[in-house]
Each structure stands twice: as C-alpha cells, then as structure tokens.
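Shared between the two complexes below is chain A, which has chain B as its partner in the first and chain C in the second.
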Partner chain A sequence: MAGRYSILPLVGFFILVFAFFSFTATRFASATNIENLLSGFSFVAMLAVGQAFPILLRGIDLSVGAIVAVVGMIVFDLSLIFGVPGWLILPVALLAGAAAGALNGVLVVYVRLQPFIATLATLAAYRGLVYSISGRQLVPELSTTPLRDPWIIGLETYFDVGRFLGISSIVKLPWIPLSFVALLALVAVLQLVLSATRFGRDLFAVGGNLEGARLAGINVARVTVAAYAISGACAALAALFLVARLTTATEALGIGAELTAIAAAVVGGVSLQGGVGTVVGPAIGAFLLGVILLGLTLLGVSQFVQQIMTGVILLAAISYDRLLALRVRRAGPSL
Partner chain B sequence: MSETTSISVASAWRLAATHALPVSIAIVVAVFAVAEPAFLTPDNLLGIVRQIALVGIMAAASTFVIMTGGVDLSVGPVLALAGLVAYFVLGAGYPVPVAVLAGLGIGLFIGLLNGAAIGFLDLPPIIVTLASLSIVRGAALIVGGPDLHSIRDQPIYSAIGTGSLAGIPLPVWIFAAVVLLLVFVQVRTPFGLLVAALGENERAARLSGHRTRITKMLVYGLSATGAALAGIVLSSQVHTASATYGPFGTELDVIAAIVVGGTSIMGGNGSVVRTVVGVLFLGVVSNGMNLLNVPIDVQLIAKGAIIVVALGLSARR
Partner chain C sequence: MIPAAIREPVIVGRGLTQVYGAATVLDDVDIRIDPGEVRALIGSNGAGKSTLVKILTGAVRPTAGTVEVVGQQVHLGSPSEMIGRGVACIYQHSNLAPALSVLDNIFLGRNPTRRLGLVDRPRQRREAQALLARHGIQIDLDVPAGSLPAVKQKEVEILKALALDAKVLLMDEPTGWLASADVANLHATIRKLKGQGVGILYISHMLDEVFAICDTMTILRDGRVVAENAVADISRARAIELMIGRQLAAQTKEASEARVSRMTGSVRLKARGLARNGVFSGVDIDLNAGEILCITGLIGSKRTELVRAIFGCESLDAGSIEIDGAPIAVKSPSEAIAAGIGLVPEDRHRDGLMLGLSVSENLMMATLGRFRRGLLLDRGGMATAARRLIASLNVKPASETRQVRLLSGGNQQKVLLGKWLDGRPGILMLDEPTVGVDVGAKAEIYDILRAARDEGAAILVVSSDIEEVLAIGDRVGVMSAGRLVSVHPAKALTASSLVTMIGEAA
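Up next is the complex of A and B:
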C-alpha cells in the first residue's frame, strides 16, 4: 500500500535543494545553520509526523497548534504554580495531549462530525481553554519567571557529536539537539507501528476504504480515535521541546502551526485521499520546508517572498501527488 | 414500544433538527434579553447587524464553495489585498468606482486562479486555498508592507463603510444586496442548480454534459470577490488599509457561519439563506456574551461547543 508512494524522489529533491543552497548561500552549509535547522524544524517535523495519522484516515487535524498551547500552559502551571516535579510533568503533558487528540477522534466517530469541522471546533475551544488555565493571568507575578525544572529545561540539550567521535579538530560538525534525537526515535517507533503492527494495517485499510474495513471486521471507531490521539500526543511532545527552548509558555504558542504541519505532511507524500503515506515522509517534508526557508533567508530574500514560496511548494507537492495518482490510474488497477 | 411512537420520535428529531437554528436563536435572544435589558434596544440590534455585515458578506459569497463540497481558506488575505489595491488606486488619483472595481477585480482574479487549480487540475480545495492563503498574504505584504496606510480626504470612499441610508448603515445595505443577489442566483438561475448538483454528485453532473469545471472555477471566483468586497468595506470603515487585515482565523469564522447555518461541508445540501441565519446566530451569541462581560476564553469554548452541537444535530438528520 505504501508502495505507490516511494520516498526516494522526496529524498532526491531534498538533496538537490540542499546542494543548491550550499553552493549559492554562503554560511548555509555551516555548523551553526544546520544546528538552527535541526532545532527549529524538529518541532515542525513532530507535528507533521502526528498529522500523518489523521490524514491517512482521510481526515485532518486543525487543532494541533492549539493543543501545543494547551500542553505548554499545563507545563507552565504544574511547574511554576503547583511545583510539580519535572519527571511527573512530562508524562502528564503527553497524556493531556493524547486526551485532547482523542476528543477529536470521539467527535469524528460518535458525533459524526467531519474531521475538518470537529477539529475546527476544538481549535477554538482549546484556544479558549489556554486563556482559562493561563498561569500568566491567574498569577501575574509568575509571568516573568522562567521555568527552571531540570527535567524540562534539560530537554534543550545539544550533543557535540564531533568531539565524541574525536574528529572535532578536523571538521566542525553541528551539535545535535536532543529534540532531533527525540524526533528520530518518534519516527522510528511510529513507522514501525505503521508498517509492522496490526493497528498500522487497520489504519491503511480504514483510510483506503472505510466501508470495506468495517465489513472486514476492523474496529473503525477505535482506529480513528487512536489516530487522532497520536496526533495530539505528537503535538504535546513538540510543545515540551518548545517550552524547554523558550523556558516559558505563552497563550499564543503554536498559532498557525497546523498549516505548516499539514503542508509538511502533504509535501512528505501523505495523500489527502487517505490510505497512502509514511511517517518518514512528513519528517523529511518538514526539513525540506526548513531548508528552503532558511536558505532563502540566507540569500537575503524577504520574509514576504518566503511566504509566497511556502505556498508555491505546497502547490507543487500536491500537483506531484496528483500526477502520481493519475499515472497509477492509467497503469491499471493491478498496481 | 409501538412502531408509531418510534416513528413520531424520529420525526420529532427531524423536525427539531431542521428548525434547530431559528429555535436556538429565539431561545438565545430570550435569555440575553432577560439577563441584560440593553440587549433588545434598537441601537444594539442594529449594532449586531453592523458587526456581522463583513463576515456575512464573505460567508454568503463563500456558501456556494461549501455547497460544491469545497472550502475557501484564502478569504482573509484577499480581504487585505483588496483594501490595499483600492488604497493605491485612490492614491494614484483615480475616481472611487475605479478603485472599488480594481479591488473587486483582484479578488475575482485570485478566486478564478484558485478555481482553475481546483476545477481543471483536480487538486484538493483545502490545499489549494491553503497555499493561496500563504501566497496572497505574502503578496499583500510585498505590496503594502506591514504598516497601516491611512485613507484621508476621500469622503466618497469613506462613505461606503461609514455612511447610512434611511437610518441603516451602508455596510448592512451592501450585505443585504449581496444576499438578495446570491439568493436569486441560487434559486432562479441554471448556475445555482448546477452548484447544488455538483455538490450532490459531481460525476453525474459531469456525465450529464454540464460544465462542472467552469462552474467550480466561477464558484471560487465568487467567494474571493465577496472577500474583496468585505475588504473594501472594512478599509473604508476604519479609514486604513493594511496587509495584516483579515488575520488567521477569519476563514474559520466564515466557514463556521456557513456550516452552523446548516450547509453541509460534504456538499450538495445548503443555501445562502441558511448562511445568513448562521451568521445572525453567531453574531447574536457573541454580542450577547460581550454585553454580559463573558471573558474571551469562555466565548471561544462556547463557539467550539456551538459548532459541535449544531453539526451533531444535523448529522442525526
């Protein structure tokens, strides 16, 4: 099923773009810039990876940006107001994100709302919730206090790979942020879930043909709720690293992030028709967006042109997806 | 339990579902009127209509898009760009009608491009208009920068947003005119029928020899023109044009009004009149909550809950 979309063209395109900027933009291939890319876009990649699951079911999750804000605020409150230790906050935050995502799934399955509408409604509701629980407003004097808990701040760690390998005197390698390592682990686990477990197979089946999956005895409701819960949990993980980086949480955290996440997932080859896609693809898609945006910045292209470029990339990716689908149709159903 | 009872229960549900919105408006109005006497004053009621005129124009014009099973996310930046274009055309010394036409023209142009990508290339509407959301915002920022441009000494242009006729503000008249025009198009023209047919069964409509692709293109053109009109009214109302108007969330408000009104996001089922009812409902709720000093967080949560309940009801139908 995943065979229709090979990630090789995407990887090739990524290398091409990367090479292009390495030659045209000075300082693009520098250690500092790669560090910026890794730490800045691991966050986007986590959201995109999560977003792949609802899209695989022919759904969409517009609420991920709002979930990022809710989870960020929960971390802020628990740590600064209630003094909860960090090792306890981390699992609570992930669970809260998964629960927020599961609610989306429940609305889709049991209230029978269109995913677009259900997550639009929760986008508004979760944004509201952020203001309700905002520790910045409940205890105003805390709003300038940075988070200090080592478990949370510790997430913003960098590994000096060059020194570890003992080659730092020969070549200056970028330091690898923990968020990137976490992303790699996340991608590995979720890709395994997708391609080697029964849940993964059910997911493809439901996304490819909902009625067929139901008749084949697959518990469509459970698969759907789980897919949205995964999206929410990924948003929570992204929120943890974002909060660690900022050492605080704000009400505006993650505004508009859902659009970038969806863009990265589509660029990464997850078909909006459902049933086709990978987890690796969206992650590469997010870094492809990152490479293009950072490269353009280094070339001195205005931020406004970059916004235009984001749209153009999105159109190009979806046209390519469309082209592939057409080709498969012409080649006949045997594929 | 006899069969007749279960049928009557089912039909009662259906009855409640079809008339849920007008009934809810009545209930909400009654509650607010009791809780806050200022709610029912003519000034406040007129204020409500005036507040919803902008979203109303956009939602009415975007209804056909939803009816065809599509969605238009690009209305916010189109609103901003149209205001800017009108500002620059006025600044170049052209008369007001030219400025207004230029603003509407840019909207129509963008909408037709959206529609062409969706109708002729068969690309998914949500992604196409998401991309154009980004592209048009970037274009607006290049044209106008992030600053506010104030529109001075243009009494005729300013009258569009601030004037009134027979005691009713001009934006409300414009909203009413747009609605009447669109209702006519929907009920009395082949185009209106074709929009419904497209949403109901696109393949059947195409196989019957109808020009479905052109129709789709026009539908998006109409939606963006509505957004442009709202942009012109807004820039005239606040005497400024800016690339940052119509912020992220505008498109969600527009879509919310349409679907709360009862137009199905799956396409087919829907009408401009329902959208007007949806816009009124959301406007009444938000005005009432403002009067009662309900904090913004509760308002946002209430908005989400309203969408869920309204559509949960219509899903039972």
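Up next is the complex of A and C:
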C-alpha cells in the first residue's frame, strides 16, 4: 500500500533508460533483444520478488543462489538417475526450495541468528550439498546427457504473440517466453498476498515494528518462517526455468545470483529498513538491471565494467534508501 | 451504573511473582479491577509496574500466579490470548507499523478476513468509521501511520485498543508525550469508557492525573503492593511517601523549601538570531553562570531542535553564538564539547547511553581524554573517578562495572547526567530530563542540577512538565512554533499563569 506511489518514479526511470539505449545502441529495441531480456531476466525477477519478503522483515536471504543450485541438482538427479516423471518433479522441486527457505526462517526465529549470518551459513551449506548430491559426480557418464522430460523441457516455450494476433507481417513482435508469463502470474499472486491478505498485513507489521506486532498478538515466528519459505520457493521456480533452458544442471548454477536479486529488490523500492515495499517493484527493478546490462553489452562495454556497474547501482539504491530513512527520521515526531 | 450483584471484577491477578535470575521484580502481587473502575498503578521506577503490565498483556509469563478475566482463568504469556479475552493496552512506546495505513494499524493482527485469507476491507472500513463516530475522533484512515505527528499516532494507538471492545484497558503512561489539551481529550475518552463498564488500569508518574481521573490506586514498592486505597482516602503527600519511602520524601521536601531564587553571574552562552530554515528563527538566548533557564512550550514548538542545533547536531542557517564573550561556530558535537557545552538528550536509549557498556564507561565517555596514559587508558583512575561520581549521584546499585541497560530509568538518567557533570562543562543543556523517571529519582536529579548550578554551571532545561519548570527554573522561557516568545523570572510565575502563557503563545 505504501509502495503504490513509489512505483511510478521507478517506471518512469525504466522508460527513460530504455529510451536512452534504444537511441544509442543499435539493435537494442529489436525483437530478438527484447526476447533475450525477457527470457534472461525473468529468473532474476523471480529471485528478486522472493527476496522482497525477507527484506520486508528487515532480514535478507543470501542463500537464494545456492537454493537455485540445490533445486537444479534435485531435478537433474530425479529425472536422469531415478527416472521420476516430470509432473512429479515440478512440485517436489518447489517444495524442496520452500523447505530450504523455511530452514533459514527457523534459524532466524528459533536459533535467533541474524538473517545475514544465518543465510550466509546456509549459502555455504547448500553449495556443499549441491556437490555432494551432484549426479554429474555420482554418475559421471550422465554429465553430458541432456534433460529430455517434456514436463521440464516444456517450460522453455515461447509464444508468438504477433502471429497469434495476425500482425506478424506488419511488425516483428518478440516471442514471449513462458518464464515471463509465469513471472507475471507469480507477481500477481504475491502482490495480492502482500496487499490484500491478513498474512501480508502481518508481514508489514512485523517488518515495521517487531515488538508492536508481537504485542498485537501476531505470530511473529510463523510470519518469519513463511517469508523465508516464499523466498526459497521463488528460487526453486527460477531454478526450474533455468534448468529447462540449459537442459541440464551444473554445480555452479546461480552463483552470485543473490547479489543481483538483492540489488533488484532494493532498486525496486523494498527498504532495507524493513516494512516498506512491494512485489511489483523488485520485478521492475530486475528488468531495469537487465536493460542496463544488455544495453551496455550492445554498446560494447566489457563484462567487468558491467560487474562494476551492478555494484554501483546497488550502492546507489541503498544510499537512496538510507537517505529516505534519514529524511523520515528528521521529519518525524519530535518535541 | 451496573448493579452490585453482577459487579464481577473484569480482571483479577493473584500471587503474581516474577523472578529474573537472582532478582525478584514482582513478589506475590494481587490486583483486581471492577467494571467501570479506573485504578491507578503507581510506584517508583523499578517498583515492578512495567512487569505487572507485561504479565497482564501476555508479553511475559510470570514465574508464579494466576490471572482471571471476567471469572475465567487465562493461559498466561500469550498476547493473542489476552487480546482475545478483551484485555487491551496502550503502551508508552509506539507499537504501530509505520508503513501501514491507519486503518490497517487499527486492526493490526486481527484484520477481519473473507475466503482465502483476503482482508475484508469494506467491513474493516465500516467498523473503523463507526468507531471514529462513536468516540468523536477525526483522523484520515488511509495515510501511513508513520507519517502522522506523535499526538495523532497516540490517537491511533487508542483507537486500536478501543476497536477491541476491551473489557480491560491498560494505559502505560498514556499522556507522556501529549500536550495538555490532548490530555483533557484522553481523559474525556476514559470517562466515556468507564461509563460503558470498562475496567481501566492507569499507570502514570503524574500524580495530578491520577488524582484527577482515578477512583482507586495500587501503590507498588520494590515489587510488592504497599497500599491499596480509594483515591479520595489518600493525600498526595502520603501517596508519594508510600511510593518512595519516608526518608526520601523528607529530603525532597527540604530541598524544595531550601530553594532560593538567583540570577547571578556573567553571561556564559549568548545566542543571537538563531535560525534553521522552516524549523525555528530569531531565537535570542542569554544563559548565565549559576542559573537554570527552563524552556517550555507545546509539543512541536521546536525546543529539541533548538538545543540540538546549539550542540552542533543540526546545522544553523543563521545566527551567532558567543561563549564567555568569544564568538564560536559549533559545527559538530565534538566542537560543542570542546567549547564546554554538554547535552543530555531526550531519548536516553537512542541518543544518550551506550546500553551495553558499563556505568563507568558511560560516565567517562565524554571526558575519556583525561584518563589517557600514553596509548592506553588508566583503568584504575577511571574506576576511582566513577566510584566517586556514583556515590555523589546516588546511582543504584552502586557498581561501576554493571551494564547500563540493567539499571532502572531514573538511574540511567543519573548516569547520563554524571557523564557531563564530571567533565564540569560550564554549560549544560538537558532535554526533558525526567520523562519516564520516577518521583524519587526526579527529586535526586533536581538536587544534582541545583548543586551544579550553585557551583556556577549554566544550565538550560527543555521541559513540558510545568511542575518541573517551576521547581527548578530560575528563569522560564516559553517557546511556540519555532520562536522564543518570552522569558520570565520563575518567581513571578504560578502554574496557572504559565499554562495560560503557553496557551496564548500557541
């Protein structure tokens, strides 16, 4: 609710950046490039949307990249080693991600670890888990076998919107990847959860005033565990689309993804001070990062400079967030 | 009135005991509130009031004892259980979720829902509007609670409690931050609730309020109930005596009688035309050695901002400051300290004390330079100096190694004062020095300030407490909307003339 208005400047900035690259970088506004953007950054957006939940609670989830790898490897093992059918693998994968996230929540609530420490520890632990369950190591001959299950490979589908509308002879529209459609559905559902359900209201209360929420009878432990579970489930969803796209899983899947996700969430207006933010914002934030990075690539800027840019954007977003918080504190109630 | 036959108490606590480690903070306390009764709960800091409130709201589970709400035994230690039974509380500190709308805050933790857990917004709004109409409160339901001024936020907290249809309402220092007009408003609401048969427990340090609004009182001292009286049957002096013990009461009386008016010495701090854009402007101050100058006014009159600016926490847009006739430009607190200015801020937890550090470390914080021995600190010298200060300030318990967060509010405030007094700054500014401090510690703090003044310190006190201003001030300034409207010798003022002045200035 509070973020409703702060989305507008973000959208404005997005359009501005998009327009800038459209004019300066040839081929930027082409159908192929938009397709790359949509398919390449829908994963990032899913991670960012999930990341919004722990951050809303003044927490953070550093383990999302590692959860992506764990879930990817579970899909690989179940499908190639155990021959489990794809329709069964999909829900199992999502549950595994949610459970991995819920464990983070349990560590934060019941072991009382700081979220940064708890999820840094599980980041390391989940990464280790990936290697120990890696089907590529256990059954080396499978490492070059691609995934073929139609349920999984089917996730990498594109819709030819232009042809569907019968206008493909007039303009060349980008094909819309299924991952983007899934992202839209995810955003719609989670935004509804956040702004229209009791759980969503409780989440803002816990993030905005922990003691106040507890004294209002809100089950803080349940809300916290659920928020981290949602982050894990979103990471699992991203992993499914990523694996479908690569037709395999590797141990290095999702390395560094947590930073991009956090950057996208903060750029998307989720305050690190807790209690302020939306789900739509992080999704837009992810594509904003995508536009900037793809645009720079097309302008011929090197990968390393792009990494520097990601860092700079994250710093800028966090500084802006701090600035807002300071201003609120100054303008706040005083004698 | 409710007939006597069905006057079953709304809440009864029996044998409530709370033990933390070696300390018994609540010892076999019984409490009972009837419908339509307003019971005061008073006592010094550390007497166990907050603990008792926490037990009744379910925030903590007592070591022993039982609580019945309307005749039914409740499971202790669960806030949602107590709320479900109709026990509401208005807390001293804000318990609002700042990003949520006023509407959502009123129903925090118990929003009415439809299928799929979706919040039933139309119903929520309907109920809230009915509530506003019933209590004659006007507030925008759709703005984020965090954007409201403090007074309005308090109203939201009250609405939150009223929305529960509470049978028992606990109010922990409800008027701590309110200006007097708002206090009157609050008291009108209390009378209305009383008429509806709600049982109210009113916790306050302000005896004026207790005598104005309460029917009965329970006095706690050192975790025990020392008296239960009808308010009509007890005098103010007797209540204070019971709260703080006989000896201390005598000392306080003596000190206030020994007060002499004074305005001696030279001008230590001279400020001309101080201004900060949009906050305050045209403020002239002459603060003399050997005097206490109090600045009072309504909430929002920018007194805090003024002292913070003099101390260098906030920048000034215009004006000049001279100390002992020499112009200085204070751009940071460290420059202010170097110039001999000290500030005791309003929020001691946030801005004043290092809660995790020891009493000694807090006392020496601003003046650590004195204890430097080469690259290291002279620990022995610090401990000696700390013990001397602890004795002179009467900090309890008298241990220089104790963590400050383990002390009661009044003792924390003494430590904060000691931090400056030992540095012997010529100029000391205090912002609401006794908010949340019990009567006993208040008297001691006044004594400490008077003693410092008599030794020649120049002291500026920002305070909303009229009694306090008249008790310690040598001169009193009234501030309104960022301007220092007038300054008067305290001798010429009475409580009523000062209240009138504050009202007219606003």
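Everything below uses one rule, namely that the second predicted complex is superposed on the first by the 320 of 335 C-alpha atoms of A that agree within 3 Å, B and C clash if a C-alpha of one lies under 4 Å from a C-alpha of the other, contacts with A are read in each partner's own complex, and residues count from 1 in each chain.
The definition used in the following text is that contacts are C-beta pairs under 8 Å (C-beta built on N, C-alpha and C of every residue); 3 or more make two chains touch, one makes a residue touch a chain.
As the structure is a prediction and not an experimental result, all values here were calculated from the model.
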First, second, both or neither for A:157, with chain B first and chain C second: neither
Touching partner for A:24 - first (chain B), second (chain C), both, neither: neither
When both partners are placed on the shared chain, which of chain B and chain C touches more of chain A: B
Contacts of A:32 with chain B and chain C, given as first, second, both or neither: neither
Touching partner for A:120 - first (chain B), second (chain C), both, neither: first
Touched partner set for A:218, first chain B, second chain C, both or neither: second
Chain C contact footprint on chain A (complex, rising order): 1-2, 192, 196-202, 204-205, 207-209, 211-219, 275-276, 328, 332-335
Contacting residues of chain B [partner chain A, same complex]: 71, 117, 121-124, 126-128, 130-135, 137-139, 141-142, 248, 252, 255-256, 259, 265-266, 295-305, 307-308, 311-312, 315-316
Residue ranges of chain A in contact with chain B within the complex: 60, 107, 111-114, 116-118, 120-132, 255-256, 259, 262-263, 266, 272, 302-312, 314-315, 318-319, 322
List of chain C residues in touch with chain A within their complex: 57-59, 78-84, 89, 91, 93-101, 104, 107-111, 113, 116-119, 121, 144, 146, 149-150, 153, 160, 177, 299-301, 303-305, 346, 431-432, 462, 464
